[in-house]
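Heads up, the next two complexes both have subunit A, just with different partners, subunit B and then subunit C.
Then we have the complex of A and B:
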């Protein structure tokens, strides 16, 4: 489904590239300055690009009725929702992680920092996807700004921890932040998916 | 005890209680706030380092305290709603969220005025300020959820899910923001003791009490309005008016 509808697949990628291009144009192409800002730029762009895709996670199935079938079939909604979220992450976030490696060179980020960046994104983007899924599930009937205003404040810990890890890539502290980020990820998996189910069910009561 | 609780969560009974107690509670809260603030502004000693301007503490601290407490009570209400489906809990959340937003804004505003004269800037990206700002955004997001559903029950459910997730997430956000940056003075009043002189502390505590009473009074009024909106076609409403 993601591949067949190129807009949902390519949308975040194009958006991400455009945003990354905008920052040097706005802040100037000074090498040191860009290297300093790079981690923040990439994280913010990914956060924003994620907002584009979250309404697609459940919306399609809701509209064409497959969601009713899943509910009626008595199969585990939990598994179904987890798979949907994973597929969404696979197609909208994973390409961005690889792209971020490329763009980090364009923004003069050192290689070590770029690898840490990719690692933090690897741990952080599932969190964004799950919050996005929650927002998407809440606003199934109409995708609107409400979803984004819920997602962004909730995702802040991921953003902060990710950027702190990248900034301290030279010393030992980096592991502290990465472990915390991983802890946040594993902590939020059951809670967020469970609340997604609650949010989906409220459209069928 | 149980019977009292059951009575309080029934709409007509709560409406009656609120109707009777609102004027007293409101007047009491106003007078307690006036007592605390006037005492603080005119009779408590001047701060040695910060001068007269510290007196805004008598608005700032109560507002910030109330703003956070409202959120925590909303979290309790959301759990109550999600588990027991008590409609009063959702009425409570929906009535309190705008109040919380207002008090968060008040706390930020008085804080900015205070910061301007003691730190020299209106705003700094410090941990507490940032997390209060996020609290404000969260309140606004919850308020914007109110109108995005057609059915009452969906709104209630959605609001309580978001409030609950926000409640779990708020401590995490606070902690991560704290690692990120800290400049604000740490809390001066804790359960174990206080670093404020008694002469300043007593009016401050009175003022805090006043703010809580005020929120209780106004919150009850707002809940009454919300109940009326929901139950407008019921017989007990028609009997009252």
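Then we have the complex of A and C:
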């Protein structure tokens, strides 16, 4: 079903590729400067690309009545929301992680740093997807701008930890930031999914 | 099967349902009537568990509930077949599904995407779900809307077959229906 709606997964990919291509054009082809900025460029581009997909997580189900059926079925809303968020992450964020590895070489990021980048994105993008889902759940009947303005500040800790981990890839601090990011993900899963359910329920009161 | 006691519901501080008391028994078909905005759809949503911020009590012994709302819960970007296969409400039975396609005249449309269908044809897709589902309680909001005479006869016979199986059915409709055991007016 997700694949039949190409805008939901192709939109973020196209946006990410365009954004990443524009940075070298804007900053010039200085290898050192690009390598220094690469972690921030890739993380910010992924964060912005992610914003394009969060409106698809629950909105369609709310509008077409599927959400009514899920609520009426008596089945676990937590499981349903978790699956929706995972599918959204799988189709919109996972391709971006692989693309970011490819584009990191375009930005002259060293291989070791690129591997740390991939690891931070594996830990960080599910957090972005869950915050995106929360924004989507809060703004089911409203526009995407409101959701985006809610979600960006909440994603900043993951963004900062991800960038710090990549920038400190040569020393041991990298593990500290990765553990923090992993802990952030671990605690985010139950809290953010439960928050999504609360936000969805608000629309039925 | 359902006992409603002193049920009240307000929407944006506007009292929509006030102090309702009624019971629905096993194998009963209830026709829920009322003018526009009287709260028929809201009552069905409360009985199905979609809305739960009401006052009063709703006691139900139904193990599972089939709900058909104004929005049919179908996916525009999927074909008729995939919409039905996606549905979690009935077990996939290929032979029964083929029979349902023919009965509801959807056999030539099974690979057609939903956005290419008329409102009546979409309604028939959701009625296939109704036809194939074996539930204790069916809550149907305007099931006869957008249907031709044959479609209406089909859904009437489907409802009666569910009643004969021991299920209870509550439906809303502005038209007079002969299949109901009793009418409830809001």
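By our rule, the second predicted complex is superposed on the first by the 205 of 205 C-alpha atoms of A that agree within 3 Å, B and C clash if a C-alpha of one lies under 4 Å from a C-alpha of the other, contacts with A are read in each partner's own complex, and residues count from 1 in each chain.
By definition in this document, a residue touches a chain if its C-beta (ideal position, glycine included) is under 8 Å from a C-beta of that chain, and two chains touch if they have at least 3 such contacts.
As the structure is a prediction and not an experimental result, all values here were calculated from the model.
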{"item": "Room on subunit A for both subunit B and subunit C (clash or fit)", "value": "fit"}
{"item": "Which superposed partner A:64 touches (first subunit B, second subunit C, both, neither)", "value": "second"}
{"item": "Partner chain(s) touched by A:32 [first = subunit B, second = subunit C, both, neither]", "value": "neither"}
{"item": "Arrangement angle, subunit B at one end, subunit C at the other, subunit A at the vertex (C-alpha, nearest 10°)", "value": "90"}
{"item": "Partner chain(s) touched by A:157 [first = subunit B, second = subunit C, both, neither]", "value": "first"}
{"item": "Partner chain in contact with A:138 - subunit B first, subunit C second, else both or neither", "value": "first"}
{"item": "Partner chain in contact with A:172 - subunit B first, subunit C second, else both or neither", "value": "neither"}
{"item": "Subunit B or subunit C, by number of subunit A residues touched", "value": "B"}
{"item": "Subunit B versus subunit C as contact partner of A:73, first or second or both or neither", "value": "second"}
{"item": "CA minimum distance (subunit B, subunit C), superposed complexes, angstrom", "value": "6"}
{"item": "On subunit A, positions contacted by subunit B and by subunit C", "value": "205"}
{"item": "Contacting residues of subunit A [partner subunit B, same complex]", "value": "134, 138-139, 141-142, 144-146, 149-150, 152-154, 156-157, 160-161, 164, 180, 184, 191-192, 195, 198-199, 202-203, 205"}
{"item": "List of subunit B residues in touch with subunit A within their complex", "value": "82, 134, 137-138, 140-141, 144-145, 148-150, 153-154, 157-158, 161-162, 164-166, 168-169, 172-173, 175-177, 179-180"}
{"item": "Subunit C residues touching subunit A - in the complex, by the definition given at the top", "value": "45, 48-53, 64-67, 69-78, 82, 86, 88-89, 139"}
{"item": "In the complex, subunit A residues that touch subunit C", "value": "1, 4-5, 60, 63-66, 68-69, 71-75, 204-205"}
